[in-house]
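Have a look at the structure that comes next, please.
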Amino acid sequence: MDFTHLNAQGRALMVDVTEKAVTHRTALAEVTVRCAPETVAAIRSGGVRKGDVLAVAQVAGIQAAKHTWELIPLCHQLPLSGVDIAFELSERGVHITARVRCTGRTGVEMEALTAASAAALTVYDMCKALQKDMEITGLRLLEKTGGKSGDYHAAGTVPASVREGNENA
Amino acid sequence: MDFTHLNAQGRALMVDVTEKAVTHRTALAEVTVRCAPETVAAIRSGGVRKGDVLAVAQVAGIQAAKHTWELIPLCHQLPLSGVDIAFELSERGVHITARVRCTGRTGVEMEALTAASAAALTVYDMCKALQKDMEITGLRLLEKTGGKSGDYHAAGTVPASVREGNENA
Amino acid sequence: MDFTHLNAQGRALMVDVTEKAVTHRTALAEVTVRCAPETVAAIRSGGVRKGDVLAVAQVAGIQAAKHTWELIPLCHQLPLSGVDIAFELSERGVHITARVRCTGRTGVEMEALTAASAAALTVYDMCKALQKDMEITGLRLLEKTGGKSGDYHAAGTVPASVREGNENA
Amino acid sequence: MDFTHLNAQGRALMVDVTEKAVTHRTALAEVTVRCAPETVAAIRSGGVRKGDVLAVAQVAGIQAAKHTWELIPLCHQLPLSGVDIAFELSERGVHITARVRCTGRTGVEMEALTAASAAALTVYDMCKALQKDMEITGLRLLEKTGGKSGDYHAAGTVPASVREGNENA
Amino acid sequence: MDFTHLNAQGRALMVDVTEKAVTHRTALAEVTVRCAPETVAAIRSGGVRKGDVLAVAQVAGIQAAKHTWELIPLCHQLPLSGVDIAFELSERGVHITARVRCTGRTGVEMEALTAASAAALTVYDMCKALQKDMEITGLRLLEKTGGKSGDYHAAGTVPASVREGNENA
Amino acid sequence: MDFTHLNAQGRALMVDVTEKAVTHRTALAEVTVRCAPETVAAIRSGGVRKGDVLAVAQVAGIQAAKHTWELIPLCHQLPLSGVDIAFELSERGVHITARVRCTGRTGVEMEALTAASAAALTVYDMCKALQKDMEITGLRLLEKTGGKSGDYHAAGTVPASVREGNENA
């Protein structure tokens, strides 16, 4: 059992992916911003009128996917071919999924996780005047396809918002 | 109840903080990377030898704090005066806290949350060859001081690693 | 008559503003994306439903203001205290204004112009599948306050959208 | 008639270009900085001596082309294969063209427009101590080649500076 | 004898590499931070305990390689496939080598030189409280492979740390 | 003797400068690009005609100073008040000095060193088609003023180009 990101001296390395094949790769991540029903209601009514909390969070998530190589020190720069982010509001908070696609030499798990994370942080930022004790929780990889190591699907039920891309705001 | 980040047209706004006082401000955030004992053991033994997983995560967290204005669309650019990140390893995973200080016109909650989040994502990135179903969870603001709105302390016990800055790797 | 941005050798210089006073400064810029009535109608109906073209353009403008120091080589990094962007749709296209505020040693004209420019380019980007011959035109400084050189107000009528911040989408 | 940049929920999307072919693509954009003859004369004499206003603007344009993915939220990161910027001085101001080339899955219109825009803003920045009422105008796409949607040539006469790449400074 | 980075007007150009073949390319650069034996001893003892000076420098070097296109105005954005940095401590200072790999249309010399340079600057930054008169010296390209212009090997002995990747901390 | 950049756990820290006074600070750094007389002649003749190698290097140096916080992991973001770069050509190569000014809580040594380094790397980049075995050497801090630790002046003769800002291209 070994870290691929450490070199012979036990220090950080951006691993050489030269020999890996250029294949189509996707990753899907989820996260939840747990917040009070009043906060959800404020997002929702804002959402009906102008949608701005989620609209800003969406842009933040897309931009963050493109900045992953800058934030996560050992990530490669990848030419992402698509990023999409979906939101599902419930009384428990805001559920966010981020799907990233790429044709490249390494996977885009970190891009999907980073996108979901930045979208969640932006929801927090825009709502923090209403509620400070929100919690960002359950950030995990749901699915990964492409590449030699094979596909990955997280255990447990995939939430409806992911299957259908719908949003009940 | 209102969003401070929406303008008269209901769209995104970087709020004007001109009238706010320049005061000393701090924020403390926490997050946990929940992972298998084997993954913790690998980080720990790596940690004993060279410490690189946590060393890289630490640099990532510090850098992310400085990039918050770029990641979270409506955040102000703030001249951070200090960033420190601490790790506590347990059988349940890696607990991370990020403390950010600034003398400025607005708070640094987002900087602390973003730093913690990037450190956690970096731990995930460096360990994902060992375990893909890690979960990043419980990202929340623990403490905030300075500014007109007063100090904030999260409900619940403050974890030991925060009180003492110790780390049992 | 001399360029302040050239040094003794006639080369680029980031001018020393050490001796300038820290004062409150604002700048207001405008630009128009001239497009076909059908394009305006598509933005407007999108706007009624979700507002996303303008919502994305707004975020782009705010982010660009913060990136001005990176885009315009001789600009200083300034801790912007507020950025707001307003849109007015007419049959001739999209009129955009950007207002930037700062307490600092140099003016924020470039930040306002850059914000307006990025918002306009984003409108172009999101509508270019509908119309390729849009034209971004009339980018200029409308107003500047603060600093030793005194206030500046552009000649000509200030458009209604600027006076009132209203938007007829 | 539809926006390609909105997802099923009517929100921003970085469109998936996976299925698009990797082809050679070019784009050419133009813009004019309209300024007083005295300002042109100052640029020109500076230009004869050291060329710095235009030299700095040129670097700004090239750098901005590479930053387009960061400025325009829904743009893809593209590995640009070449960027060139040309200037033509006349008594009416500075005419700027930007040509961008890429071998990739999507066009480089936004890169050319962003490059031209940043070059123009830099001219403004360097000359604003001489004249504040300059206007940046007529930013438009002149030409686009490559990709499935076919080539595009703007209506109207292509200016001499574009055909020949000459510059009369 | 001509500069490839100047256009017909004698100004900066990001050269068009469209016609160049996509091949595997590597570059290796070296640099030395010359410092007092006491400073080396402090790095070394820190290194034995936690390794942080070199660990931080390593991350800085890797990140800088990815930022080369942003720092060196006429460099292309390249999808780096791997970056590795090695350190060798001696009584004369810290010897650093950076190896960069890429499959692309142009070489990665600048990426290797930039990575080595940023790693050296980070060593300086972390040690400057101990010693201010350190000198960063001998930054040069050791080796370059791939591309039409053929391989390049610097004259003189290749240092042991490069041949074997060892490090005597 | 201790590293200020390591926290209680021996890991990287962005040191807290809250208690340090806001004072005016300057730093001056130098570096030399050692190259063949033919390369110097090419830069010089280019310089006489258009000056572009040095003009591009100058912009690169200024921009790099502003990016120091991003490149050097533990550096603070500082609102630089001025950056100037000077070149001196001799038969031995290109001598570069970078002077940075700031009113802030910590010194700007790293900004001056980073600016000089990026300017030198840009000279290398633009001349590497002519000569690959250039060497960037003697990067060091010449002078530092402001702050509690007092002024610093490097031992040895300060070169003429620094004293007078002249340039013999």
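Every chain is named by a letter (A, B, C, D, E and F) in the order it is written, and numbering of its residues begins at 1.
Here is the rule we use: a contact is a pair of C-beta atoms (placed from the backbone, for glycine too) under 8 Å apart; a residue touches a chain by one contact, two chains touch by 3 or more.
Since the model is a prediction, treat every value here as computed from it, not as a measurement.
Counting C-beta pairs in contact, the pair that comes out ahead of the other among C-D and D-F is C-D. Annotation: the B-C interface is duplicated by B-F among the options A-B, B-F or C-D, judged by over half of the residue-numbered contact pairs being identical. Among the remaining chains, C is positioned farthest from subunit E, on the basis of C-alpha centroids. Centroids built from CA atoms put subunit F at 17 Å from subunit E.
Subunit A and subunit C, compared by their mean Cα positions, are separated by 31 Å. Centroid to centroid, with C-alpha atoms defining each point, subunit B and subunit D lie 39 Å apart.
Subunit A has residues 9-12, 50-52, 55-56, 59-60, 63, 67, 70, 73-74, 77, 79 in contact with two or more other chains. If the chains shown are joined wherever they touch, the resulting network has some other arrangement, not a path, ring, star or complete graph.
By the contact rule set out at the top, the touching chain pairs are A-B, A-C, A-D, A-E, B-C, B-E, B-F, C-D, C-F, D-E, D-F, E-F. Here subunit A touches subunit C in the complex through residues 50-52, 55-56, 59-60, 63, going by the rule given at the top. Contact residues on subunit A toward subunit E in their complex (touch as defined above): 7-18, 69-70, 73-74, 76-79, 104-105.
Of all residues in subunit A, only 24, 51, 54-55, 58-59, 62-63, 65-67, 77, 79-87, 101, 103, 165-167 touch subunit D in the complex they form.
Residues of subunit D that touch subunit C in their complex: 1-6, 9-12, 31, 38, 42, 46, 49-50, 52-53, 55-56, 59-60, 63-64, 67, 70-75, 109-110, 113-114, 117-118, 120-122, 124-130, 132-141, 144, 152, 154-155.
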